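Per-chain numbering from 1; labels A, B and C assigned in written order.
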Amino acid sequence: MEKELRDKARELLESGQVGTVIGYEAGSAPFKCAPLYARTPEEAERLVWNPTCVNNLAVYLPQAVKQGPVAVVVKPCDAKSVVELLKENQVERDDVKTIVVPCPGVLNLDALADVDLSDVRSVEWTDDGIKVTTGSGEVSIPKEKAFLPKCLSCALGDPEIADIKLGEQPVRTPVVDSKMSVEEYEKLSPLERREFWAKHFAKCIRCYACRQACPGCYCKECFADKLGQMWVTRSTDPTTNWFFHMTRAMHLAGRCIGCGECERACPMGIPLSLLGKKLEMEVEDMFETRPGEDAEALPVLGSWKAEDPDPCPEE
Amino acid sequence: MESKVISKQDIAPWLKGLAEKYDVIAPVTEDGVTRFKPVDDPSAIDLGPTPAKSGIREHFTPETETLFDYKLEGLSAEVTPPEGIKKDRLIFGARACDAAALRYVDAVYSNVEPVDTPYFDRREHTAIVGLFCNKPSWTCFCTEVGDFMMNPINMDVYLTDLGEKYYAEALTPKGEELLGSSQFQPATGADKQAVEAHRESVQAKLPKPVDHAKASESYDWDDPIWQKLAEVCLGCGACSFLCPTCHCFDIMECAKGKKGSRFRCWDTCQFDKFTLMGHGHNPRPSRVERTRQRVFHKFKYSPERYGMLGCVGCGRCVAVCPVNIDIRKVIQEIESEDKVSA
Amino acid sequence: MCENPYVPKLATIEKVIEETWDTKTFRAVFDDEEYREAFTYEPGQFQIVSAFGVGEATFCLTSTPTRKGFVEFSVKKVASVTSALHEMSEGTTVGIRAPLGNWFPYEKMKGKDLWFVGGGIGMAPLRSLLNFCLDNRQDYGKINIIYGARTTGDFSFKYEFDEWAKSPNTELFLTIDKAEEGWDKNVGFVPAYVTDLKPSPENAVAITCGPPIMIKFTLPNLKELGFADEQIYTTLEMKMKCGIGKCGRCNIGQYYVCTDGPVFSYAQLKDLPPEY
């Protein structure tokens, strides 16, 4: 698969179809990868595709396309971000080519908790999970433990925007229902939910890693950074943290495609993708539409249809 | 000062005995994330093999700190400064890197008068019991930038895990006082040898020292690496906020009608508005300048100004960066021909 | 425990002068009598003024320490704190943290001819040194003041022009960007006016402050006239918060503009990374 990826990237660059291929390269450890902007055939040789490729590279698109057409390596989940960016006119269709890779699931670093990380040589896919090779042998980890929760509940096939398909997506059997974590959450009473989020937001240090890692957060000036009208200060007291996170969640309602980068980037372990998922479900219930599926559609909360639910009671 | 040992079972009673004089702060794990928090019950302490996710920094430079309260009355105003620390604190289980980082922050906050009094108030009223790292993380490189793992600084007591017990060395008079508790017994020659052998074996697996301060003299302002980093860096503050030597802050107002407070909160040179002036000019307008600033500040400007690196090799920035920007690799690349072994 | 340096001293606004459509000068007096009596500073230093409820902002001390009992700061309305200050009337309490930073090395300027080159609001920090030198007139040679503004409506300190021009062995050169009816003095940008006036570098010092674009063109012009790097001084503006070298924001290389500056000679600036 890596050979096909590199060949394809080289072809795109040499033919001048794109100026940059954004993909993954080996990171500073065998269980990590790093984003790569490949602009020459030599750089294209560094592209990899393995279980460590967790990043959603669509986050780089709005800036990258300013230099010209870009190809981006995407998993089916990441490809949904491309749909949203197209929908919201952050990239032109002609400026982006998606290279869709077949994805069995990507690595949950917690799975390596019992492995000596300094001794890891490689992380590869097996038929039912991953294989970690260390200096002292091989460790097989089944997918329930090896993959991120979003991968376990993934039912995605070919994405909507798939300019180049490097193979068929594996047949998926979601082992965990995608709504499970939300179902657990929905069992909580409103007061319990309030306490749940209050406890988590109290941990927030306002590093904004969640926001910066999110392809949906591309605003040139975030509401949280405004100095003229200061909507929210950078105090980390629970109320201010709550305001920031809830407002951001509302700004992403109907636009969050559940890539989970926010939660992965968060250094404090706040379950942010739960918030995104819950709001995605609310929007689906109300407007019968899901984000990341139709690039021609209008943004759901940026448009109005006569059939939209009307919360105002009849006279 | 005489070295001692304490059985692991006696740690809890020892800390409980100190509760009257000290508020104990120790690593506690919640939802899989370990942070230093005040603990009433020592059994909640999770010393773990590898260093905690975040260090002890927030107990000296808090994420948010009230500088003073104010009250408005007509055209005039009244200002109330905050109270100082009321009770001493004892930080238990700090790593050598985190304690060593305090030397750097001390230097920054006292380099020019007036000194940062709230910070030094906290420093003065805090005892630190450190812990030798049995199992450094894959991101640890403290030995590359200093020798404080073997020769700790800014600690009162240094503990080394010997399995069933800890070997305890007092490094200051305060430390001696702490080890005066009945739970401590004198260490034997065998204990001492075991500790030395153990420490040597851990150190052997860690990187060798490199004179980064010397190498930084020839850093290239226009190195192409800054462009590369700028493209990949997300511009969040995770690296800075988990860094024990980072000390930058913003000052803001929390106004509630006629009263309010002025507070300071963590800030980072990685945020785009850090150096933005009121009339729109920004000396560091892109991530090219900002990624360069982070590296230059820690490895070049700090040795120039304070005579020491602004990095203690704790590796937290490496562990937390969502896009795997590894400062060890960055330094290696910009030092390539100039790398000098200390 | 020493005093908390982040807590400002209370001061009351005694006078508000409307300089231009967007600039006001405030005169403030410290509330605490003992502090007021003991307070002193050097020309070139700055202060951080609090508009309680909004925040703090940095302003140069535009008054001179030779005139005691008060401090002055000139505020151009650009953002929230400056807007809040502009709303204030006489009698309002503000907070002041001062004096901060380094100052003009006036000792080294004694006996020399001085060329003040100011543009727009950049005149404010220069005014402190200018009035200081005029109050110690015998210590300095010929004093020349070049002051440029976009239009006649953009000049500050107009009420002091007479005093400056009439001071012994002192000359005031005003210039505006574009000709205006009734204006019989120079028309043109400050850097060009400097070249026209041909200041002699012989036993002279130039002190300049103004918008970045003005400084960018004035410095090479002074160099071309023969001024050595050590003979040119400027005062820099950077975003500041703590003002005491702790918050890490205003650095240029290893130097903090708030403690190692804001006054720098061109000789020092040349060696700094180009990040200001």
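In this section, a residue touches a chain if its C-beta (ideal position, glycine included) is under 8 Å from a C-beta of that chain, and two chains touch if they have at least 3 such contacts.
Keep in mind that this is a model prediction, so the values were computed, not measured.
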{"item": "A-C against B-C, pair bridged by the larger set of C-beta contacts", "value": "B-C"}
{"item": "Far-end chain from subunit C, centres as C-alpha averages", "value": "A"}
{"item": "Innermost chain, taking as reference the mean of every protein Cα atom displayed", "value": "B"}
{"item": "Length of the line joining the C-alpha centres of subunit A and subunit B, rounded to whole Å", "value": "31"}
{"item": "Centre distance in Å when subunit A and subunit C are each reduced to the mean of their C-alpha atoms", "value": "51"}
{"item": "Centre distance in Å when subunit B and subunit C are each reduced to the mean of their C-alpha atoms", "value": "39"}
{"item": "Residue numbers of subunit A (touch at least two other chains)", "value": "227, 230"}
{"item": "Subunit B: positions in contact with at least two other chains", "value": "250, 252-253, 267"}
{"item": "Where subunit C touches two or more other chains, by residue", "value": "79"}
{"item": "Residue ranges of subunit C in contact with subunit A within the complex", "value": "79-80"}
{"item": "Touching residues on subunit B, where the partner in the complex is subunit C", "value": "67-68, 70, 72, 75-77, 79, 81-82, 84, 108-109, 111-118, 120-121, 221, 247-253, 255, 260, 262, 264, 267, 269, 274-279, 281, 283-284, 289, 293, 296-297, 300-302, 304-305"}
{"item": "Residues of subunit B touching subunit A in the complex", "value": "31-33, 35, 53-54, 63-64, 137-138, 205, 228, 231-232, 234-238, 240-242, 250, 252-254, 263, 265-268, 271-273, 318, 320, 322-326, 328-329"}
{"item": "Of subunit A, residues touching subunit C in the complex", "value": "227-228, 230"}
{"item": "Parts of subunit C lying in touch with subunit B, wherever the complex brings them together", "value": "1-8, 10, 12, 50, 52-57, 76, 78-79, 82, 89, 91-95, 212, 237-239, 241-242, 244-256, 259, 273, 275-276"}
